[in-house]
Amino acid sequence: MSQPNKKKNWKNQLHEIIYEADTPAGKLFDVILLVIIIASIVLVMLESVKSIDLKYHNLLNTLEWIITVLFTVEYIARVITVKKPFKYIFSFYGIIDLLSTAPKYLSFLFAGTHALIALRALRLLRVFRILKLGRYLGASNNLVSALKSSRAKISVFLFAVIILAVILGTIMYLVEGEENGFTNIPKSVYWCIVTLTTVGFGDIAPQTPLGQLIASLVMILGYGIIAVPTGIVSAEYSNQTRNNLEPAPKKTDPKIEVNLNSQSCSNCLKSDHRDGAEYCYNCGEPLHNS
Amino acid sequence: MSQPNKKKNWKNQLHEIIYEADTPAGKLFDVILLVIIIASIVLVMLESVKSIDLKYHNLLNTLEWIITVLFTVEYIARVITVKKPFKYIFSFYGIIDLLSTAPKYLSFLFAGTHALIALRALRLLRVFRILKLGRYLGASNNLVSALKSSRAKISVFLFAVIILAVILGTIMYLVEGEENGFTNIPKSVYWCIVTLTTVGFGDIAPQTPLGQLIASLVMILGYGIIAVPTGIVSAEYSNQTRNNLEPAPKKTDPKIEVNLNSQSCSNCLKSDHRDGAEYCYNCGEPLHNS
Amino acid sequence: MSQPNKKKNWKNQLHEIIYEADTPAGKLFDVILLVIIIASIVLVMLESVKSIDLKYHNLLNTLEWIITVLFTVEYIARVITVKKPFKYIFSFYGIIDLLSTAPKYLSFLFAGTHALIALRALRLLRVFRILKLGRYLGASNNLVSALKSSRAKISVFLFAVIILAVILGTIMYLVEGEENGFTNIPKSVYWCIVTLTTVGFGDIAPQTPLGQLIASLVMILGYGIIAVPTGIVSAEYSNQTRNNLEPAPKKTDPKIEVNLNSQSCSNCLKSDHRDGAEYCYNCGEPLHNS
Amino acid sequence: MSQPNKKKNWKNQLHEIIYEADTPAGKLFDVILLVIIIASIVLVMLESVKSIDLKYHNLLNTLEWIITVLFTVEYIARVITVKKPFKYIFSFYGIIDLLSTAPKYLSFLFAGTHALIALRALRLLRVFRILKLGRYLGASNNLVSALKSSRAKISVFLFAVIILAVILGTIMYLVEGEENGFTNIPKSVYWCIVTLTTVGFGDIAPQTPLGQLIASLVMILGYGIIAVPTGIVSAEYSNQTRNNLEPAPKKTDPKIEVNLNSQSCSNCLKSDHRDGAEYCYNCGEPLHNS
């Protein structure tokens, strides 16, 4: 009974370090991981700058291998310490973790797989989890619910903007023609989106008086309709906040405020358990069975 | 009595498929139509790209003819199944449907009529009807009424922006002159609109110190006044929403909520009849007289 | 007694036509004036377009003279029919009317006075008076009072933006230097305003990595602070509207709603008299003494 | 007892002039200082314009020395009249005052120290203190508290924008490649920020159809999310204002409104003492002990 139990203990301790942030070791692990992720992104960025890559190619390559090995170790550790490894492997973070590590190994076999390193930037999303930025937004999360309740309206609005861009883009293609840079309709629609959103690169710009007149109308239109999504979010958020400020008249079922910690169940990966919880609220697996 | 009645039945069934979306056949028809409209727009876009058109000219032309024939069949079916065909023919959608189909036939007679194909993009507006996006905006339709109640104010505001652009554009023409790209007053006014709306193409840009000073003022002005339409829409929408949230004190004439379906009267083309309605609420024509 | 009285009657009738918009003749005069003002602006615009001016120089010049004569007649009529001519001559509209007419005459004496024709665009402001656009904004004029009450805050805000532009512009001048287009500090400050207001012409753009990093910060800053004036106007306007919606608790001095007409006193030029008023509310001069 | 007391009196009088704005002499000093600061910034700007510097180099240099001497005198006077000079010297304004004066002297020793003159622009911040612009914002300071309460949310939001820019920038680097101006990932990320914030310089612009498609998505995304910070500030400010408008139900501890003056303690530099205060509210040092 000693050997498997000891092994289990060892696994549990590692699980606590990797997946939880409440112990000193867990916090340290998270901070180090964050630093390595940022370092890996800076590294990929520097490699893409030719003048730097020419000078320090060997150094950058070595550092890249070190980070790849560290990521590999982390990935294997995550797979081992979880009870249901496949659940992690096929989770959102699991796939990103694999895809941001594997390309370096494959670079021996194929050229061009370097491209997948771009996926490493997605690992930055882990920052939100580590820094608990989500909670920073406030317990009531008015902003999130405001965005959710205005999502449908903004979708319809953006859909209308795209139809508008298609119609106006086709008109501009007919008015300006190929000689003024509006070489085809997709490019004209692209120009129209550039203009409606008030970005205005200027790589394509109307040259004919009629084209400039239509462009003026497009711009004033874009200026006018930029007010719509802002107005929606603003009003929805304002309502959310007001509703929270107003006292609820009768609260027969009061919420008890509890402290949640970041430990996650080694069975189902659910986190945000109550402090002092003995069993996972999702699957009933015992927690902290060290 | 059998033959005309049967013909009428046949017509009515087709009417139900084409103009209504509540039967399975009607829904299928709408979805297929939507797919064909999008395909036709993608086709016109691809045709305008020279490199693609050179390679696949015959294929694209054949597909174009297939779609034109399908649109023609649909147009004729719509005309036949409606009781008052001229009401459809001269309606907004009727004119668009004709104009987006006819040019292909006329391309035998004249060159350059290809241009009218641009109108096909307008058929995309039918998406709003098919997907019932309007209803998606919410039963209370706060956004629509907010836009309506702020329409007058935004019009006056945009009118003031145009006068401002004319005055400032003329000043910039005098300050910068032809040698710096401000070749004439219309172009200067165009530049001014580009700048006030914060689009900023950069195809024309002030070169003299005085011109850049005035441009800075124009930009800060534009930055300041962009707040006005946003503020209007935001506040109006917020008020609309609040009014809906507050309980009406006395409602002597309560609205009964009914389900509306998308069937449209074969006589006057009005849609949005109540479920179970036997007669058109607009013209009294019997519905579903199959 | 007959001759001077008749002359006075004739003057009064002309005054009513020119300064008032309630009689059919007065309305007709206003509409014709508006058309001529717009025509005169279109004319100046067309004259500035070289290709058009070369072809139709004589026609444009003739039309210009016709409009100048019409404006002169109008100006003299305005001076004659008013009791205190100097009050009109030195009023805002009086000065604009003179300055938009005189340059054409002076073009015989000096070259380059053509420039003053730009002032003609200012006559467009009369549109607001003729179309009574001000009243269109709503009796309560929430927008105007919202802008007034947020004026101080927006001024301070824009002042802070300018100081920010000076500081950041100087830094960009030091970082980018003359070789990348930031030839001097005023130009760098100009670039900074172009960027902070999200206009982004692109005639000057940072080339060094450090410059692009600072530019990124400037842009995100500009993106963040664009929210401030919008938020102010939006909230102020929202408050104004809400205050108007809420019933005033005790109104011991209720406002009686009266209809105002656009006739203006021939003595002091005040307009907006009540319907049926016999005497000017400002100076006591009898109105309509025909 | 006479000599040191007289010296102290002289110091106190100078302190009152320099640090306070309530006496006529103090107001005059502040206005003159403001004029000299603005003059010094205009001077540095003009010096950076090559054509002006070549013509008027000696004049500008002389004026620069005069301003430097004036700033030096002011700096020494500030140090002398304060009881604890080191508190001033190491305060924010003290460091800026020194850094904006010293470079001119060091220009004898080193070349390139001219750059530090840029710090002089920071002295403009004193404008806020002299003009008391802070108080202009209104006693309730709703705007400031609105910005404070929305700071956390806007930070998280901007952080999300940066992560988004890194991910999208990397994708654009892979799609467009070096031949279209996206020479490396940092530059692509810079382009992505330029686009997301709707600035759109146009120095780099996507050329491939796929790149333009992704750019369109980025722009519509940027257009959609510009609504978020605006909505936050707008709603927070609106709530702040409403809370102030509503009467507080029970105010057992009413605030007594007092007039604060701008005199500052010669010991601890705290200002905003109550009118008629005899001792500093912060350190107990007697005020006005002349």
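Letters are used for the chains, namely A, B, C and D, taken in the order the chains are written, and counting of residues starts over at 1 for each.
Operating definition for what follows: contacts are C-beta pairs under 8 Å (C-beta built on N, C-alpha and C of every residue); 3 or more make two chains touch, one makes a residue touch a chain.
Worth saying up front: this structure is predicted, and the values here are computed from it rather than measured.
Enquirer: What angle of turn lays chain C on top of chain D when you fit their CA atoms, given in steps of 5 degrees?
Expert: The C-alpha superposition of chain C onto chain D needs 90 degrees.
Enquirer: Same or different: do the copies chain A and chain D touch each other through matching residue numbers, with over half of them shared?
Expert: Mostly different residues.
Enquirer: Based on CA centres, what chain would you say lies at the far end from chain A?
Expert: C
Enquirer: Could you grab the centroid distance between chain A and chain B? Build each centroid from C-alpha atoms only and quote it in angstrom.
Expert: Using C-alpha averages as centres, the distance is 34 Å.
Enquirer: Can you list the residues of chain B that touch 2 or more other chains?
Expert: Correct list: 186, 189, 198-202, 226, 230-232, 234-236, 238.
Enquirer: Looking at which chains touch which, would you call it a line, ring, star, complete or other?
Expert: complete
Enquirer: Help me check something: in the complex, which residues belonging to chain D touch chain B?
Expert: Those in contact with chain B are residues 198-202, 230-231, 234, 238.
Enquirer: Touching chain C in the complex: which residues of chain B?
Expert: Interface residues on the chain B side: 152-153, 156, 159, 163, 166-167, 170-171, 173-174, 178, 183-186, 189, 195, 198-202, 205, 209, 212-213, 215-216, 219-220, 222-224, 226-228, 230-232, 234-236, 238-239.
Enquirer: For chain B, which residues count as touching chain A in their complex?
Expert: 41, 44-45, 48-50, 115, 118, 121-122, 124-125, 127, 133, 136-138, 143, 146-147, 154, 158, 161-162, 186-187, 189-190, 193-194, 196-203, 226, 229-230, 232-238, 241-242, 245
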